[in-house]
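Quick heads-up: structures coming right below.
Below, chain A partners chain B and then partners chain C, in two separate complexes.
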Partner chain A sequence: MNQPVSQKLFFWTLVVISIITLSAPTLVVLGASLTSGNIIVFPPDGLSLKWYEALVEKQELQDAFIRSIWVAIICVFISLPTGTLAGIALTKYRLRKGALIQTYLLLPFTIPLIGSGIGLMLVFGEVGVLGSLWPVGVATAVINLPFMIWAVSSSATGLDPDLELAAQNCGAGPVQTFFYVTLPSVMPGIITGSLLMFILSLNEFLVSLLLVDARIVTLPVQVYNSIRSIITPDLAAVSVVFIAVAMLAIAVLDKLVGLEIFLKSK
Partner chain B sequence: MRRNLSSYPLMWRLMDMLEAIFKKIWPKGGGFWSPYLMLSPAILLVGLLVLGLGYIGDASLRTLDTSTFLFSEEWSLTNYERALIEPFIRSVIWRSILGATIVTMITLLLAFPYTYVMVRTRSAFLRKFLLITLFLPFFIGQVVRAYGWLIILGKQGIVNDILGLVGIEPLRMLFNYPSVLFGLIQYMFPFAVLMLAPALTAIPEEIEAAAESLGASWVETMLHVIFPMAKSGMIGAGLVVLTLSLTDFAMPAILGGGTQDFVANAIYDQFFRTSDQGFGSSLAVLLIVIGSFLVWVVFVLVGAGTLAMGAKDK
Partner chain C sequence: MNRIPAVSASNVCLQFGDVHAVKNVCFELEEGRFLTVLGPSGSGKTTLLRLIAGFQQPNKGEIFIKGQTVREVAPNKRSIGMVFQRLALFPHMTAAENVAFPLKMRRFDVRMIPDRVKKYLHLVRLEGLGGRRINELSGGQQQRVAIARALVFEPDLLLLDEPLAALDRKLREEMQLEFRRIQKELGVTTINVTHDQREALVVSDQIIVMDHGEIQQDATPLEIYRSPSNPFVANFVGVTNLFHGMLESLEGQKVAIRISQQRLIGTLKSEKLTLNQGVSVKAAVRAEQVRLFRGQSENRDCEVYFEGRVTDVIFEGERILYELSVAALSDALIRIIHHDQQDFSTFELGEVVFVGWKSRDMHVFVVD
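== the complex of A and B ==
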């Protein structure tokens, strides 16, 4: 379509501002991690990888990273089956009290994170499991569950009920129908949802902050604690780990389902 | 025929077994209970959250005795009265509500053209570029992004270094209200675009062409055709941005430097600095009430927008 010049100008000005705002922190952190000086300055003192080498020495950062990965794995392990089943059920069946169930399942989004975090902290504290890592994984699964349900249910709307009937007509029982017809047709949603859950859980800061103690800090909390003392470039090098994981996730997502899936209308 | 029987694949045997088990448990083939059964793990998981809310509600009704450092046995509304009277808390609440409103408006203003260009562009490369630019910060997390802003805006930060090169005195750009709002806008942007995109995709391009062929300028087409049709997406995006920024913790904590606390920071301080669980809980309840009230108002006025999950009622 031919757009008038004024429209192009207006839109593109805002788009360029947005692109700069979106990318600036990432680019700067990348740049800062490569500095050869001891403080972060612009223009940089010179390039070096010495802050990455310094990471090898930092046992507590490595431990925090591994803990964060565990938390993310636990989160996906819990939310994948839970969210998939719920997403399919919500889409396939016209449920009695469907609206009520939907509102209920959206609670993790409508309740502020600080509220959910403190509530879960009190619950886990009551049971006496605070201080281990798995409650953090469970908590991140709870607070992000709607993302998983959502991803699955939006790809389940494309599921043709006739296909399932056809499978049953050919002699497939309910289990076979589920694994060979229903599940493959919502696979893009499951992949998207699991990746989202993994990344969000890996990056989860506030709920981690509330649920961990000094012995089991996760990486975002570790970075937060360090930011508040002194800012040194080794922190930038750690942050690049997050950036690298994010890039990897985007690449995988694009390869497997295509980023354009997020532009589709339901 | 014997050969065929022995070559019956293992997978099929497994499936037969599962089918048999399934049949044992639900002889009638599932029927009424099966969707509810499928939903039960999710309902239980979210149940943890509800349980947590119960604990918060209970704690919020118990007052801390500062001499013995114990919480009262009886319930009372003292904490809530304190929360509504104390000027510090009041200012924190207003700062959060005002901040969330400003952030929502600016984010929507920026996210709309971004989404529009991304959805409408003919160039697959541009679309991919905009998507990646969007997802990268989305996947990086708040702490690292805030850290990036510290490097850019700090006293010895990049912007001040550049200003110094042209002889301008260093500016104090951090630890004030605008820097917190700015950080929030950048944090919320991807959420807004992802909520808007499906709504804009759903609008056929021909409709714009039709509006223009009838003599509408592009501004009129936007205002009278695209905005009304994208309403559900705008509502979804606006709601998500509003509630998330209202209740955010990391940006005020890192970019505000303790001087620009939002409600979440005040709650955190009550729990971990003052150790007054009761008062902290009452603030948490207030925040939930304010947040839900805002969401409820929008739901009643204009519906759930793109926030609805699963089957549409329409």
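== the complex of A and C ==
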């Protein structure tokens, strides 16, 4: 408690610098979105909400936003059951070649996104489904699945194997054991993983870029397209809305499992 | 006709690779009795319980519950309650939900579940704490929840896998008596596992001593203590002095052995097959059966005695533990437990005194 002043000063300087660095992009984009001028600048040129109002009329931005949400939902829908089962299986059964499988599951991290994007584009093109929205959801699920598996298995490693035996001893069959004991025990991991998947999928840009066409652009792609013509402050406004959605997801996470669990999970 | 035992095992074996975790285990347990499986770490106690609970299948042999083999019966179909070594309470449920879980899974009438849960929480003295989460309960309270969960569906058999090992000594002794009380109250057949010999002696009707997966002795606590059937049991239960020697002659149960040039008389405890002179033997004398006295005139009834020097005095409260070095037995160290009596006479460190015992208290085993 009796730290020397210099040490305290050093500590707080570090904290302030980190906070500024981490939040600078957000603050800049938030500021820019509030401008009353017609070009995107920071600091803003007067304050107004007119660019948020403008969003209401920008049908294509809204559509893209809703499409992005759909993609994220499809992604969670696919990755939740697969990632959960894979995560539990990987920790529970000391699979022979378990290490190999784990490495294999990490591959999506090591392959540059552009590589997997092109691969997926070829696959979906071959099957003839390019041009619908759901393949984008599937693609983001495939690419980000390791995050889901990682979240669930970190929860499952802490699980006492005797718990499942205890459930059997209490009279629970394999299915009941899974639903009453195994699943609730890894629930924090499932919630964390799902929200992570939702946000990652919502933000996915590169792979979406390769898989969408003009009729089904997702929001990040739409913003990118707009930047290439004229940069107006409504792009900043839509980014802020986007950030707000992500923050909302984090708030939900905090409500459901407590951020401590999220931060503690290895 | 004999009564059918509540649980029995015949020649049960389980191997992990080349480790015999359980080897040729045979026993019978009568209904309503309390059996303790006692043995050092790694002797196969947990494995034996897991075999009975059905989490593992024996490589060989059969386990019977009420005379029926359970080989084909899945663990969740056996009427067995178990308290695990690390309790394995469900952390996402409250104490009452934990206790209600077996009733739900075993499809008890939903209307009677709350009453039944209440009754068992009362039995383990946890009334009013049912709404707490597991991590809001103390260690001793968690033990009680685990016991209530194992008993609530009134199983034919209760298995306890050292659930007390992690508790401090006072709480452990309290809980031992608690187990005993509940077991007597309900009359449930119980198999308890421990490596604490005191616990085994205090709570059991029957004790099985195990080592390296094999049963060393199966008897009542009194028999285990008074007449251990081999040197391992003699050494594992109680404080025992063990000597190595050679057989000299045999007359009925009375046996003469030679321990470092001394000829001593003891009582033979091994089966008398064909015993030749010169076979090696182990002799065991309990620490509390060894006497200490200052002059030969004080010797009351010790047929065997030597001079020895006190090398250690350990005060343990109600008793004192002495250690003596006896020159005549090649400086063997002998431990003596001296209980506090009215005329509590103490011996000093370094003092030379007589140490002796009755020949009927020296048990001789043939070593094979």
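Keep in mind that, in the parts below, the second predicted complex is superposed on the first by the 241 of 266 C-alpha atoms of A that agree within 3 Å, B and C clash if a C-alpha of one lies under 4 Å from a C-alpha of the other, contacts with A are read in each partner's own complex, and residues count from 1 in each chain.
Here is the rule we go by: a contact is a pair of C-beta atoms (placed from the backbone, for glycine too) under 8 Å apart; a residue touches a chain by one contact, two chains touch by 3 or more.
Since we're looking at a predicted model, the values are computed, not measured.
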Superposed partners chain B and chain C on chain A - clash or fit: fit
Chain B versus chain C as contact partner of A:Gly173, first or second or both or neither: both
Contacts of A:Gln7 with chain B and chain C, given as first, second, both or neither: first
Which superposed partner A:Leu163 touches (first chain B, second chain C, both, neither): second
Partner chain(s) touched by A:Val181 [first = chain B, second = chain C, both, neither]: second
Which superposed partner A:Ala54 touches (first chain B, second chain C, both, neither): neither
Residue contacts with chain A in the superposition, chain B compared against chain C: B
Chain B versus chain C as contact partner of A:Ser153, first or second or both or neither: first
Least C-alpha distance (whole Å) that remains between chain C and chain B when both complexes are overlaid: 5
Residues of chain A contacting chain B in one complex and chain C in the other: 173, 176
Touch list for chain A against partner chain B, complex: 1, 3-4, 6-7, 10-12, 14-15, 17-19, 21-26, 28-29, 32, 39-43, 78-79, 81-83, 85-95, 98-99, 101-102, 104-116, 118-123, 126, 138, 141-143, 145-146, 149-150, 153, 156-157, 173-176, 179, 199, 202-206, 210, 220, 223-224, 227, 231, 235-236, 239, 242-243, 245-247, 249-250, 253-254, 259-260, 262-266
Complex contact set, residues of chain C against chain A: 53-55, 74-77, 80-82, 84-86, 88-92, 101-102, 105-106, 149-150, 153
Residue ranges of chain B touching chain A (in the complex, touch as defined): 15, 18-19, 22-23, 29-30, 34-36, 38-39, 41-43, 45-46, 48-56, 59, 109-111, 113-114, 116-120, 127-128, 130-137, 139-152, 154, 156-158, 161-162, 185-186, 189-190, 194, 197-199, 201-202, 205, 208-209, 217-219, 240, 243, 246-247, 249-250, 253-254, 263-264, 267-268, 271, 280-281, 284-285, 287-288, 291-292, 295, 306-313
List of chain A residues in touch with chain C within their complex: 160, 162-163, 165-173, 176, 180-181, 184-185, 187
